[in-house]
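Both complexes below contain subunit A, partnered by subunit B and then by subunit C.
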Partner chain A sequence: MNVEKIKAAHKLLAEFKYTPGKLDKGYANKSLYINVSENKIEAKPVTEMMKEKFTGGRGFGLWYLWNAVTPETKWNDPENEIIISPGPVGGITQYPGAGKSLVVSLSPLTGSVMDSNVGGHFGPLLKFSGWDALELQGKAEKDVVIFIDGNAGIIRIEEAPEEALDSHLLVEQLYEIYADTPEDKRNISVVSTGAAAEHILYGMLNFSLYDTRRKAVRLKQAGRGGIGTVLRDKKVKAIVVKFKGVKGNLNNPADFAALAKTGIKMHKEIHAGDDKQCQMRVRGTTYLVKIMNDYDLLPVCNFKYGSHPDGNKIAAPKWIENFNIGKADGCWYGCTLSCSKVICDYELKTGPYKGQKVVTDAPEYETIAGVGSNCGIFDPQFIIEANFYCDTYGVDTISFGTTTAFLMECYENGIINRQITGGLDLRFGNQDAAMELLHQMARGEGFGRIAGLGVRKCKELFVREYGAGAAFLNDIGMEVKGLEYAEYVSKESLVQQGGFGMANKGPQHDEAWLIFMDMVNNQLPTFENKAEALHYFPMFRTWLGLVGLCKLPWNDIVPENNAQTDEPAKIPEHVQNYVDIFNAVTGKNIDKKEMILQSERVYNFQKVFNIKMGFGTREHDKIPYRSVGPVTVEEYESRQDRYDSQLKELLGMETEGKSTEEKLKALREYREAQYEKLVDAVYERRGWTPNGIPKLETLQKLGIDLPEVVEVVQKSL
Partner chain B sequence: MKKLVTKEDSCTACGTCELVCSKTYFKEENREKACIRIETANGKSKITTCTQCGECIDLCPAEAIYRDKNGVVRIKKNLCAGCFACVGFCPEAAMFHHSDYIEPYKCIACGLCAKECPSGAISIEE
Partner chain C sequence: MIKVNGRNFEWEKNLTVTKLLQKKNYTFPSIVVQINGKFIPQAQYETALINDGDDVKVIHLTSGG
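Up next is the complex of A and B:
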């Protein structure tokens, strides 16, 4: 790598100097605005109103984006922004999972507002550099890198023509350029994407951290919704932050003692419990594969099935064989759940980097299920390779997996053929074809470009160009609002169908994962229970993204006595921990009720934002039947006993002598009606009209009845 | 390997060691700020201090903990990010913290407490 040459080609376009200050109880009280069209850099105040109504993190992102765009703004207009914000609790080192950044932008996939939650060191270092949020707007003329030096108080926009696009190279080059010494690398974090983000709509963002032990750059992903595509559209190659001197008190918390006490209690809980519970410290999220496969929830062949006899080939023991397990594999300081696993010395077998040995981030559950089982592939080596290339090319593994699985089903049904795919034999299980599709995305060639449009646009294209039947494609195309499904089969859990369907940004499980409560433990028997769960859990989880926390230490480890508490699914002790650390940092005095109110404000605001952009009503919460029940005869018959007995029990139907088609139809009518009933119940619980619009009184009650918000709602009521 | 070894049977729980330690470390006589902790239960003493096992070394996300040339496990304060993971994970519960400080602290086998111990319950082993 010729770093000197790359560096010499940099041309300074704009520079901004500021005096780095101390944080005040979790807030810098300033945000950084950068416009790469005009090469403008400025500081903006973070107001009391913002803190009161939006808290931070995703809340700040939504507020800034709301003010930047109009209903006519498209994702690739210069006005669209990418906002990165860590939240007031973000950057504390004592409590596990406190290094998350929240990213908000208009999505190329949905056309509406997207949020994505990501680890890596960027968010905390940005905040310690003096900024509660970074607002990036405009489109550069030529490729640029933005550099923030949080110690010196300097921000630069630099033309950067020579750096690689692919993240594993680009980020390393940037560490070489901006680190003064090898030891200085730990003080740097980079946001980047890769070559494919120029050609596809689900490009993602990598947030780096420097792994001092393995002497390698590590990448965590803001995967969902195509924000990497937006970054490339802005011709921003990367955003680099450098801040030296991370300590445990940089947030200037109101009550350091409480923070230390709560954090240490949690470290002890993980130390005592993780071995007996999820073993995240050695397996990361791969432990989920076996559970999902056992409970018929692991997506197989485009969500047709929930398990496969080969599921064990991609389960945790196979991953442990491949991992280089460290004891400090957290994505931020102090995360003792340590789930960010690593694979060392992996020799690439395909593509432009074939033959090279790399240190690469281990695939997580979603990736294993997405590019693996859902595409009918059960080979860990393929999954490692696909994960590496998705990361370096800037491809969201979930959208890639779900889209490829959809295309495979289309191919097997003759909706598309070899001629259309340019020779790719896209059968389920054909890993060479899947890999080639990925490489085509990076090159911007062939059928990879089509696949890069995502499920919704592929459906439209196949109907338009190849005369495919829209009904079948809508049944099997696993997307809602234009976003591809995350990797869980929701057929047997009505609540989870709602969790996916009614999620603000699209079918991602970070709003609600309620399958066990609903289907396995049967804790939500009535519609009222179901609606309550679909109110509480999305609000609770939203809160984590307002303050800068990771979801995993909430329920992937639980206190020993959790099962004996009144509401085990909520993990009451951990909820109290969160209240305590929020208060310890900010000096406020919230309780668990106020916590939910904080979320409700932002959640309803995001809902209204969807409406402002022309979405957000009931029709946009419609879900594909594949996520509700069996679409095909083959699918029905694979679980015939289950479905037959449901027809008997729930509908009193005599199934003997009935054809599968008749039974399919009856089951479908029943399940679709159940979903509509659920939607009614949830909207009511959330204080929305039957069309999914927040009522004025709801907005007033929550105190989010800002005039511009009310105006949008009034127009649509 | 240099370390402080303990004979709990000989300990009278006078607490001298704790005060010597906190005085040395933090210029203050305060047993809450010592790198050795004496507790009693049922008339028996329990002495908690670092065995220099080194479990915390690989656990530290900032690579701030290392073993020095005498085999003593030490903390580089300037690198410590104050996460207290080591406090929660120490098998001996001998990594201490006090909320007056943003870094944890531990026994570095200096031996000052052993010199002052009236009952020979603690000593330095090379």
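Up next is the complex of A and C:
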């Protein structure tokens, strides 16, 4: 790496100086606006209205984007923005999982508003540099790097022609360029993507952190919805923030003692309980693979099945063998849950970096299930390699996995063939073909470019160009609103079908994961129960993204006495912890009810935002039948006892002598009708019309009845 | 016959909580077990007997994602 040569090629396009200030109770009270078309950099005030109605994080991102775009704005218009905001609690070091950033933009996949959450150090360092949010707009003429020096109070836009595009190289180069000394690297974080983001619609963003113990850069991902594609479309190679002096009180919390006390209690709980519960500190989220396989929830072969005899080959013990455990495994300071695992000295076997040894973040559950089991692949070495290349190329592993699985099923059904795939034999389980597809995405070549369009556009293309039947493709193409499904089989949980289908951004599990409550625990027998769960849990989880917190310490560790509480599934003590730390940081006095109201405001605003962009109504909450029930005869027959008994119990159908096709049809009619009933119930509970539009009284009750919001709703009612 | 989370399940002699969890393949680590409304601590799973007709709850705490 010739850093001097790379650095010498930089050309200063704009510079902005400011006086770094102290945070006040979690807020900097200003945000940073950068327009790379005009090389404009300016500070904007964060108003009391914004804090009151939108709280921070995802809320701030949505508000800024709302004001930046019109219903006609497309994802690749210069008006589209990428907003990064950590939230008022973000950056505390007393409580685990407090380094999250929320990223908001118009999505290339859905055409509507997208939010994606991510760890890494960028969000907290941005805030400590004096900014509650970074709002990036415009399109640069040539590749640029944005540099924020939070100590000196300098922001620069620099033309940067020489840096690599792939994140593992680019980020290393930028650390060399912007760190004054090797020790200074810990003060830097970079947002970047990779070469594939120029050619596909589901490019993602990497947020870096410098691992001082392993002396290596590590990458966390804002994966969903193609925001990396937007970054490259703006010709931004990277955004670098540097801030020296991280310590525990930089948020200037209103009540430091209360914050410390709540944090210590939680750390003790993790210390005492994690080994007996999920063992996150050793296994990370890989522990979920065996659980999902055991409960028939692990997607196998494009969500056809929920388990596979080879599931154990990609379960936690196989990952632990590869992990470099016991060092700094949190993605922000103070996270004792430490789930962010690392693999050291991994020798790459394919692609442009073949033969090189790398330190790489280990695959998490979603990646293992997405690029592994869902594609019929059960080889940990392949999954490590695919995860590394997805990260460095800037590819969302969930969209890549779900799209590849869909293509494999199309291939096995003769909808596409070798001629169409350019020679790739895309059978389930063919890991060489899957890897080549990924490399093609980075090179912008061949069938990789088609695969990079995502499931929805592939479906349209196959119908248009190859005469494929739209009905079958719509049944097996696992997307809603244009976003690919996250990696859980929802066939036996009506509530989870709704959790995926009615999620504002598309079928991502971070709104609601309710499969156990519904399918296993049978705790939600009535539509009223189901609707209540699909109200509370998405609102609760939205809140974490407003303030800058990670979901995992909420319920991947629970207090010892949680079982005896009135609502164990909510983990009441942890919810109270969140209320306490929010109040301790901000000096406000919210309770559990107000916490949900904070989310409801933002959630309903996001819903109206979808409507503003021409989406958001009931038709956009329709889901593919593969997520509801068995599409094919082989699927039905693989779980025949289950389905037959359901037909008997629920419909009183005598299954003896009936063909599988007859039974499939009856089951489908029943399940599809159930989904529609669920949608009715959820809309009513959320205060929406039967067409999914928030009622005016709902907006008024929540205090989100801003004139421009009301105007959008009135036009749609 | 017993009820497990409100659904019928075949009972057998000497059915303990541990055996029931094995039969149902309930491997999730964070669960709460009740027999006829009485909380069963994890330490008693090996010995706690389930009788014919019992109403058993095996509540899995929300996880995933």
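Please note the rule applied: the second predicted complex is superposed on the first by the 716 of 717 C-alpha atoms of A that agree within 3 Å, B and C clash if a C-alpha of one lies under 4 Å from a C-alpha of the other, contacts with A are read in each partner's own complex, and residues count from 1 in each chain.
Please note the rule applied: a residue touches a chain if its C-beta (ideal position, glycine included) is under 8 Å from a C-beta of that chain, and two chains touch if they have at least 3 such contacts.
Note that the structure is predicted; figures quoted are calculated from it, not measured.
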Subunit B versus subunit C as contact partner of A:Lys701, first or second or both or neither: neither
Touched partner set for A:Ala569, first subunit B, second subunit C, both or neither: second
Partner chain in contact with A:Thr212 - subunit B first, subunit C second, else both or neither: first
Which superposed partner A:Arg685 touches (first subunit B, second subunit C, both, neither): neither
Partner chain in contact with A:Ile515 - subunit B first, subunit C second, else both or neither: second
Partner chain(s) touched by A:Ile291 [first = subunit B, second = subunit C, both, neither]: second
Touching both subunit C and subunit B, counted on subunit A across the two superposed complexes: none
Subunit A contact footprint on subunit C (complex, rising order): 5-7, 25-30, 32, 39, 57-65
Contact footprint of subunit A on subunit B as seen in their complex: 58-63, 80-85, 87-89, 97, 99, 102-103
Partner subunit B, residues of subunit A touching it in the complex: 93-94, 186, 212-213, 246-249, 256-257, 260-261, 263-268, 270-271, 326-328, 330, 333-336
Parts of subunit A lying in touch with subunit C, wherever the complex brings them together: 276-278, 287-288, 290-292, 294-295, 297, 486, 488, 509-510, 513-517, 520-523, 525, 537, 551, 555-556, 558, 562-564, 568-569, 571
